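Letters A, B, C, D and E mark the chains in the order given here, with residues in each chain numbered from 1 onward.
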Amino acid sequence: ANNAAGVQSSSSKPAANAPTVTIMVGGMSKQIYLPFMLAKELGYYEKAGVNVNLIDEPAGGDATQNMLAGQVQGVGGFYDHNIALQAQGKSSEAVVSMLQIPGEVELCRSDLKGKVTSPADFKGLSLGITDTGSSTDFLTQYLTKKAGVDPAATTRRGVGAGQTFIAAMKQKAIACGMTTEPTVSQALSDKTAFILLDMRTAAGSKAALGGTYPATSLYMQTEWVNSHKDTVQKLVNAYVSTLTWIQGHTPAEIADKMPADYYKGVGKPAYIHALTSEKGIFNPTGLMPEDGPKTCLAVLGEFNPKVQGKSIDLTKTYTNEFVSAATPVS
Amino acid sequence: MAAIELRNVTKKFATADGGTYTAIKDLSLTVEEGQFCAVVGPTGCGKSTTLTLVSGLERPSRGEALVHGEPVRGIDIETGFVFQQDAVFPWRSVLDNVAAGPVYRGAGRSEATRLARDWLRRVGLSGFEDRYPHQLSGGMRKRVALAQSLINQPRVLLMDEPFSALDVQTRAIMSTELLQLWDQTKPAVVFVTHDLEEAIALADKVVVITAGPGTVKAEFEIDLPRPRVVQEIRFQPAFTRIYEQVWEALRAEVAEAYARTTRVAELAS
Amino acid sequence: MAAIELRNVTKKFATADGGTYTAIKDLSLTVEEGQFCAVVGPTGCGKSTTLTLVSGLERPSRGEALVHGEPVRGIDIETGFVFQQDAVFPWRSVLDNVAAGPVYRGAGRSEATRLARDWLRRVGLSGFEDRYPHQLSGGMRKRVALAQSLINQPRVLLMDEPFSALDVQTRAIMSTELLQLWDQTKPAVVFVTHDLEEAIALADKVVVITAGPGTVKAEFEIDLPRPRVVQEIRFQPAFTRIYEQVWEALRAEVAEAYARTTRVAELAS
Amino acid sequence: MTDLHTPVTPSAHPAPLGTPPDEVQPAEAKSGMAAARRRRVVMAGLRVGIVAVLLVTWQLCVNAKLVDPFFWGEPSGVWASLRDWVTIGTPQGSLGDQILVTLEEAVLGFAVGSVLGVVCGIALGRVRLLAELFGPFLKAANSIPRIILGSIFTVAFGFGIQSKVILAVVLVFFGVFFNAFQGAREVDRNLIANARLLGASRWRVTRDVVLPSAFTWILASLHISFGFALIGALVGEILGANRGLGLLIRSSQNNFDMNGVLAGMVLVAVIALTAEALITLLERRLLRWRPPQTHGGAAVE
Amino acid sequence: MTDLHTPVTPSAHPAPLGTPPDEVQPAEAKSGMAAARRRRVVMAGLRVGIVAVLLVTWQLCVNAKLVDPFFWGEPSGVWASLRDWVTIGTPQGSLGDQILVTLEEAVLGFAVGSVLGVVCGIALGRVRLLAELFGPFLKAANSIPRIILGSIFTVAFGFGIQSKVILAVVLVFFGVFFNAFQGAREVDRNLIANARLLGASRWRVTRDVVLPSAFTWILASLHISFGFALIGALVGEILGANRGLGLLIRSSQNNFDMNGVLAGMVLVAVIALTAEALITLLERRLLRWRPPQTHGGAAVE
């Protein structure tokens, strides 16, 4: 545990006259948001010449709202928020895309094995999502609809992640549910659930969603990006380098770098195991995948009441400008 | 101009069922400047209610209450009131309770304390300055209330059975103190009591209130010479004569009140 | 075996600074079965404190209190207590207040109500059954408390200035009622009063308590014949003789108490 | 909050026998009541006025682009949300259903929580041993954030109505408990002594003396407790539910729909005020025995 | 919660002049105090005993696999977390820092909230017009879930100490307000009348009569309010912060580390109990004038 504390306190020492950026991350310890902390642990922010202040935030829209209110400059969250924001007349853009597939897994209760074999069997079931109106909500509806079931014929229930998710499964409050690592490993390890759809691999995700689905990204208000290009570039440099570093190291090596309390609850072996099974979700380059935004719009356009029927200019929701210009920090 | 004037006042209390209960009815009473007026009457006849009307704590349902010729509109700090029930401040020491009046009236802290000590001595509570009211006996609390009110030397002084918890002797001493004070500053006094001897010994005028809805039954001028020595006056023949007159008036009312509420007429002596 | 026995009891109250104040000291008192004992003494001498020791509300700091030969360990429901201060239940109507005792002692609702109505008549409160205490005058509340206690016909009856808020006449009527009740059930009575005449007229024995830390100064057996008519007895020569004896004893104590707390000896008459 | 509309005239009871009947019907009493009614109407008008002024100012600020409705909503939008919910229904079903679900949770939680609070408060207030043993535990428990409790409850009691009710119970309990406890200890010693001497058992003393005398305390806490019960229900829903006003508010929040959030709050406030009015009625009944309070006695002021 | 350890002997004041000095030093008083002290020790022992039994049972259940520590944690794990935090520090820095940050927010919120609550409560309790106008608004406001308020506050006031303090203020305010309001209305009419007659201005009446007499009410609410202030600070931190106990709890929760969550709660409870002890001291000082309470008067029971 002390290495975490030690590294953090040394890396959070402000570099002289380096710009400071506050980034809110929607669940820092989730593996899908791993690059934000990893960059810090690797000292890449410092090397890139930027001070980053990471703030953790539970899932939901609050991070975005705080960014718009100017309380934070960047958000580590799902790309699709940019689409939702544009629908409401706010402009923001993803500057680096860290996941090209959602990293989500649709789990189903073990006792339903054989009965539920695909989303086509969702009819009448209770489906777990992290929170109403969250990305898991829209994705679940999308999967249901795509399998030919009317989402209205299912019940979606916000159950969060971790203990609450697993408890919901054990208490049969939900039949299936969408969640990420390490909850997935935890649920699998004691045979509470089995995997119905695995969106931790490119193939699985393509099969489920019909394309890449950019998930974790760093997004910021367009206006701020345009007025702080230097700082953004430094940030992107740090992240691109981190993404490269991930590709070159084993899950165990990655886990070693992470703060010990991140795997305190599930245990380090489980954490490494989880990381192994989803290492493929990380975007090696940081570039926005070509067809990704379209898939997102397809999902949101159908299920987010605020996006429905709005015309969205997808090119304004992300930029590859900084990633293309990125220089490695080490 | 009379110091206190009640003109045909009636006080009704609302009842839950929308009706009313008449506590006093068409009561008229005049107390001159510097006059000492004692009020007697059967229990529950409306004596305390009358005092609340004069002090401005309650308003008459009908009729008018005037003090120094002005209609009473609210509480007047020229009026002193010794309540029938405990009304000393439980969170203040005896000394601070008595010093409250002077402080509220703008006296300095030390001046107020000096005055309060003097008054505590007069009511026989020296040495109890630092006690809180719950640490006093019933009679002691009553004396604190007395000192609290008298220290302000009010121009109108309303006292509701101020000596009721005191033994005869202390009561006599307090009476003498009261008469001395009254002689110095000559306030108009309304003094409610159940002790007819006390009423006659102290007052210039004794008012007898009727049972039921209270109204004035009779007024008696007490022409005993002053200064009076309270303990001795009762042995004067003039005293006995007056006593008998007033007693006659009062007795009938008390009997009436009691008979009414017991519905057994023969019990009333 | 005496009904009430206090053996050298001392009661001290702790003071904030770790010291103590002695309210009564080495007080011994015996009240026989069926005896009516009146207690007089200057205000603040410890009369109420004595009653709390007999009733079990407080424990002596030293010495022992016995009732019917048993040491007092706590509240005994064979004991009736009329408090000096208001202790009627403000949330109960007059009728329910008086009916409380019988109900607690297991009487049926209707039986309790019947009894209560009877007692309300005796204390002159018929017609006020449905009032709440705050709608009563001071004297009426006192009578509710009286009825509340007497209705239980306790074997030991402690009364702390029960008639203090009543007019002379009502007081006389109540005294007569009290004597009648006492004659029927013959409880042992301790009756605290400030009215020496009342004490002598009612009691078999009058106890005079000293000033300061209270202790028994003198006891007087009252050998006036019974049944007594309270209003008339004071005119008997025997009464006057006893009165003067007791008064002598009491006067000195009152003067002493007053002198002490005023530190001005000449004020005490 | 007790009785903001104390009638001006103190209440009393039927005139006792022996009082001559009042020939003159007391015109003053009647006009007093009329005045009280008039006052009430004026007050209601003033309150509506305050709300109207606030709403209009707010809307004007939005229109003048001084306030960003994305963050703060706007009255017209809130109104539109409410209208939609009423006419079209909410995304989760009819509005009535959502309200009923939340109301059921809140009412249950309120009932259980306040009964528990009163019982425990009075028990600990009466029995010193209990207070000394368990007091510190209750105080410590009171400092645990309810959100965290909320997620533990969902783990323990599932995602049904249970966990929401329990959360509401917990929120209600502490306020009621501490007030009932204090109320039980504030009881006039003389009254307890008197009851004991009259023959009351300890249990009767508790029922007949301690409880009524602690009632002002308990009622004061009930006035705020229904609000707490509502919060418990809403937070419970936010933490895991598929129906209810809490979910409505949460999903509006997640959709960046501030107007929806505010519309939900308006509904909650309306429920709270209705409940409050009912509690005030109850209070008037139960505290009939009291002298009119200071507010009423205008003369004394 | 008032004074769970009322001394057995009621307090009084220096013996007045004229009382002969007590020759015999009252052995009973001394032994009474000793008995009280002994009682206190026994009670503390019993409480510790209860905790110990609970902890051991819990640990045994975990060891026997009756309870899954993933959901419920285990005492040894909680202890280990606490030890690590103390010896090595937390992931966010030294434990002392985290506690100080949370404490600062809570204390500020508590101070501001209770002063506001008392002032508003007394004002509305004294001035009928104010109560009638604003009462309903306050009651409605009380029913708004604080989590939702919390996220609005972070949007409005940022992630600094401000939004946490304001959340704590809001939580503290209502409890104190409603009790102060009720307390101000419970004041004995006679006392107010007496003060007015003695010459007190309305302001002096408020200060010298209403405030002291509402004090029991206010103090009763303060006892729970520090717990609320802590909750406000913690929830504020949970909703967005980079330091503090709330974050510690939240990140443990996000990491599925139930032991960490419980360890955080233990710390919070310790803080709450310490604060409570301080408030009790304050209470003893301020309410010296009162007769001993019912608990103390064992004889009356």
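Just so it is clear, a residue touches a chain if its C-beta (ideal position, glycine included) is under 8 Å from a C-beta of that chain, and two chains touch if they have at least 3 such contacts.
All values reported here derive from a predicted model rather than from experimental measurement.
Novice: By the touch criterion stated at the start, how many steps lie between chain A and chain C on the shortest route?
Specialist: Minimum step count, chain A to chain C: 2.
Novice: Hopping along touching chains only, can you work out the least number of steps from chain D to chain E?
Specialist: Counted as steps through touching chains, the separation is 1.
Novice: Write out the two chains that share the greatest number of C-beta pairs in contact.
Specialist: Ranked by contacting C-beta pairs, first place goes to D-E.
Novice: Counting in whole Å, what is the centre-to-centre distance of chain B and chain C, each centre being its mean C-alpha position?
Specialist: Averaging C-alpha atoms per chain gives centres 25 Å apart.
Novice: Averaging over Cα atoms per chain, report the distance between chain A and chain E in Å.
Specialist: The separation of the two C-alpha centroids amounts to 40 Å.
Novice: Let me have the rounded angstrom distance from the C-alpha centre of chain B over to the C-alpha centre of chain D, please.
Specialist: Roughly 45 Å separates the two chain centres.
Novice: Just how far, in Å, is the C-alpha centre of chain D from the one of chain C?
Specialist: From the centre of chain C to the centre of chain D is 47 Å.
Novice: Residues of chain E that touch two or more other chains: which are they?
Specialist: 12-14, 16-19, 71, 151, 155-156, 193, 196, 238, 253, 288, 291, 300
Novice: What are the residue numbers in chain C that touch two or more other chains?
Specialist: Residues 13, 57, 75, 85-86, 126-128, 135, 260-261, 263 of chain C each touch two or more of the other chains.
Novice: If a residue has to touch 2 or more other chains to count, which residues of chain A qualify?
Specialist: Counting only residues that touch two or more other chains, chain A contributes 62, 65, 69, 163, 167.
Novice: Touching chain E in the complex: which residues of chain A?
Specialist: Residue positions touching the partner: 1-2, 4-5, 8-9, 22, 24, 27-30, 53-58, 62, 65-66, 69, 71-72, 162-163, 166-167, 182-183, 186, 259-266.
Novice: Across the complex, what residues on chain B touch chain C?
Specialist: 13, 40-44, 47-48, 84-86, 121-122, 124-128, 135-140, 143, 161, 164-173, 176, 194-196, 231, 250-251, 254-255, 257-258, 260-264, 267-269
Novice: So in the complex, which bits of chain D are touching chain E?
Specialist: Against chain E, chain D makes touches at 1-2, 4-5, 43, 46-47, 50, 71, 125-126, 128, 131-133, 135-148, 151, 155, 174-175, 178-179, 181-182, 184-187, 189, 192-193, 196, 202, 216-217, 220-221, 223-224, 226-227, 230-231, 234-235, 238, 246, 249, 253, 261, 265, 268-269, 271-273, 276, 291, 293-295, 297-298, 300-301.
Novice: Quick check on the complex: what are the chain B residues that touch chain E?
Specialist: For chain B paired with chain E, touching residues are 55, 57, 75, 77, 79-81, 83, 85-93, 100-101, 104-105, 126-132, 134-135, 148-149, 152.
Novice: Can you list the chain D residues touching chain C in their complex?
Specialist: By the definition above, chain D touches chain C via 12-14, 16-19, 188, 190-191, 193-201, 204, 208-209, 212-213, 215, 288-291.
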